[in-house]
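Each structure below is given as structure tokens.
Two complexes, one shared chain (chain A), two partners (chain B, chain C).
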Partner chain A sequence: MSGPKPDKNSPARDPRRPVGGGDCDQRFRIDLMGVRSAQAARLRPGDLLQVVLLYDGDLRAVVCQTDRAETVGALSAFPGLSQLIECMEGGATYSAIVERSSPQACGVFVSRSNG
Partner chain B sequence: MIVVGGTYIEECDWPEWTRLMGPGVRAALALSEVSPQTELYSYANDAVIEDLRRTMLTNGLATPQVRTRGEKVAYSYKHPLSYPRRTPKLEETPDDSAAPQLSESWSVKGDTVLAFRLQETKIVVSAKRAVFELSQQDEEIERGDIGKLALIAAENDFPQAAANVQDFAAQTMPAHNANLLIFRWQSGGGILFDGEMEHSIPAYVANEWFKIGTGNIFCAMFAHYWGEQNMDAMAAADLASRCSAYYAGSRALPIPVSQNLPDMEKFDPTADCKIFIASPCISMAQQWLVDEAIRTFEMLRIQTVTPYDLGLDGVSRKNVDVGRVLDGCSAVLVLAEGADLPSVLAVGLALVRKLPIVVLAEESREPRVSLWQGTDCEIARDFASAVYRAMVAGKRRPAG
Partner chain C sequence: MRVLLFSGGLDSSAIAYWKRPDICLTVDYGQRPARGEIAAAQAICAELDLRQETLAVDLKALGSGTMSGKPTSRLAKAEEWWPYRNQMLVTLAGMRFVADGLTEIMIGAVKTDVHADGKYPFLRTIDRLMTLQEGRVNVTAPARKLSPEKLLDVSGFPLSAIGLTFSCHVMEYPCGRCRGCEKHLATLAWAKRRSRNSDEREPRDERTKT
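Let's turn to the complex of A and B:
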């Protein structure tokens, strides 16, 4: 996966925007894209990953990272990606539980962790 | 490369899977590592256009060229070997002012172009090298100014052609003025027709079989290696077959560069085999699963012996010698964890005959699975993978 990096200039949370809201309570099962073999090979079912929004100019990407901030792969190619990004920009946070992992692939279950 | 192809929502129940995919999206994502300049031309509904745009950019690809279609289209599969259900049904599609009429074609021009049929419009392709995936509606992709053209057809789209692929190639290649034609088998691999020459493309063994979109991966990777890299057509087809098996086994995108593909064993997709299906077969649910396995093997053109043949559905049969029946089989597929006595006995007889045995056990905590530990039986966690593993095992050990 290329491109986005954590950006010090990422927009601050809009205080007018509620963290709650049913539209942001997304829960879904998905395979990560662009899996990084070294990170994925160390994961086990049940491991917890953080869902992180990365910025690179206008580009925003959602990735799953380990507790050492190592990116495992990206969340993309699903209906609702834009909604997820909007929710994260509004302050919603998400985590992902690893359900299967190998050097080639990583399947996770994503759910909201606040609100 | 330019990829032309649809954007749809794809859903599968077993294994659970929901994506924004379709042939165009999947092919473009598959290529994003080996060919990051790839550009997608597609139709998408307003509700998912932003998701599509972000997906392409996240994966390092260019902003896609997207035309708007009126309705959101989804394809739903019960499992990866089932027929998908399209929503909305084609006859329910309204007259849609947002989508151009079919007569308004979309001209696409590039060095290398991979074209899948679009449901919304005709495509006119001009390229130095082009790859078209053929469908029954193949008149919807038109030849513009093309240097070299490869056609790829799939057995599931042209089942009648499988009986005589040579005739199919002899008719189809001149009709399109094509240099190459690849006919892909359902079970993997295929045949490459290169002018007058004919080559077998091997199939590669995958641990699991997520078949949805494997043909798109084949087309994308062949278009890259043959169309962009100018690789020899047979070498490109062999690599495409490997990539396709890699995707079926991992569901991982993008496809890595060839040096990073794992080693995979080959098998002959045209080998004959017969699969013994062992399963309880009394209740409707049990018979539904057996029927689904029979239908799937028929689709793969594989013979079966089923609980119906042995009188295990409550309708007695006379003089059935299970041992002799097993002597004529190449592998055993055990459904429903083999939760009945006849299945256990059949597996015992199969073990004595050293037949490969694949057990479908969807629930890993199911205590019956422990029955099979230490028996060299393979455990498959989903139906499609169980059918596939039994097929591969059978083709590697042809019926006696």
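Let's turn to the complex of A and C:
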């Protein structure tokens, strides 16, 4: 896993997509998948996580990370994933508020944090 | 000693919960999602109070398909096909544990498996092959007649632990789009529907009783 590509001017960004595009204003509630128990166990309701795009070559995964860049789990169990990735590559950023968390599961509310 | 080949996916997690093997063995054979599989396997076994062990044998050079990051073979029935994968995993598990009293290797094949090494002729033959050798180890596939959904049902695997499972074929974190993730999400959606339906039924049952 090569990790995040934070440079918004990278070739992956689609310059035609405005950062403030309405179709990127996604808000949804979701359970994380591939939950990392140690990180999830330390979270409390109300904690803020960053939604980060991770790259492995040309593959991408959307994960939630703590402010110490520890990955808690992935956003994968929803139909708007491709749209979310496209928006993130276009410059939209998202955060996730922890609604419930335990060593087995982590439920978050995701919303846009810019634009 | 009963050993389960354990990837941390939904199917093998359900079998682990159902059959309570002595050891859940996760093999890092050079597949791209290995780190995700190991993390999930450790978390699930901690949750289920089962012993987990990881065996690393780098066979990446011999892989093909999405799990290895190489082109899919024209022989493959699905993009993730890795030649002789179950045969390799059974052999490695046997090599690791036969001198320690191994009696049975369980694999997570289910009814919907498309690869030949998940189907009955292979499963019967590999069992016969292993029992012909020292240790007379049996190879079983407890869920081979079950769909993933039926396996979840039969095993009683707790829905609260599903978030720990991991089925991605291509990355350390679930990509949400490969065949492994798609199957995972379909089974998850079924489990959630079933859970909602049973929740909805409960109040009616309560009213009937009163």
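Worth a mention:
Everything that follows uses one rule, which is that the second predicted complex is superposed on the first by the 99 of 115 C-alpha atoms of A that agree within 3 Å, B and C clash if a C-alpha of one lies under 4 Å from a C-alpha of the other, contacts with A are read in each partner's own complex, and residues count from 1 in each chain.
Going forward, a residue touches a chain if its C-beta (ideal position, glycine included) is under 8 Å from a C-beta of that chain, and two chains touch if they have at least 3 such contacts.
Bear in mind the structure is a predicted one, so any value in this text is a computation, not a measurement.
Look at A:53: by the touch rule set out above, it reaches neither chain B nor chain C. In the superposition on chain A, contact of A:61 is made with both chain B and chain C. In the superposition on chain A, contact of A:104 is made with both chain B and chain C.
By the document's definition of touching, neither partner reaches A:96: not chain B, not chain C. Once the two complexes are overlaid on the shared chain, A:28 sits against chain B while remaining clear of chain C. In the superposition on chain A, contact is made by A:36 with chain C only, not with chain B.
When both complexes are overlaid on chain A, the residue A:71 reaches chain C alone and has no touch with chain B.
Within the superposed three-chain model, A:87 lies out of touch with both chain B and chain C [touch as defined at top]. Shared contact residues on chain A (touching chain B in one structure, chain C in the other): 1, 31, 33-35, 59-62, 74, 76-78, 81-82, 104-105. Residues 1-4, 28-31, 33-35, 59-62, 74, 76-82, 85, 102, 104-105, 107 of chain A touch chain B in their complex. Residues 1, 31-37, 54, 56-57, 59-63, 71, 73-78, 81-82, 103-106 of chain A are the ones touching chain C in the complex. By the touch criterion stated above, chain C contacts chain A in their complex at residues 32, 35-36, 39-40, 43, 46-47, 69, 160-166, 168, 170-177, 181, 184-185, 188. Residues 9, 16-21, 25, 29, 32-33, 36, 47-48, 50-51, 54-55, 57-60, 246, 249-254, 262 of chain B are the ones touching chain A in the complex.
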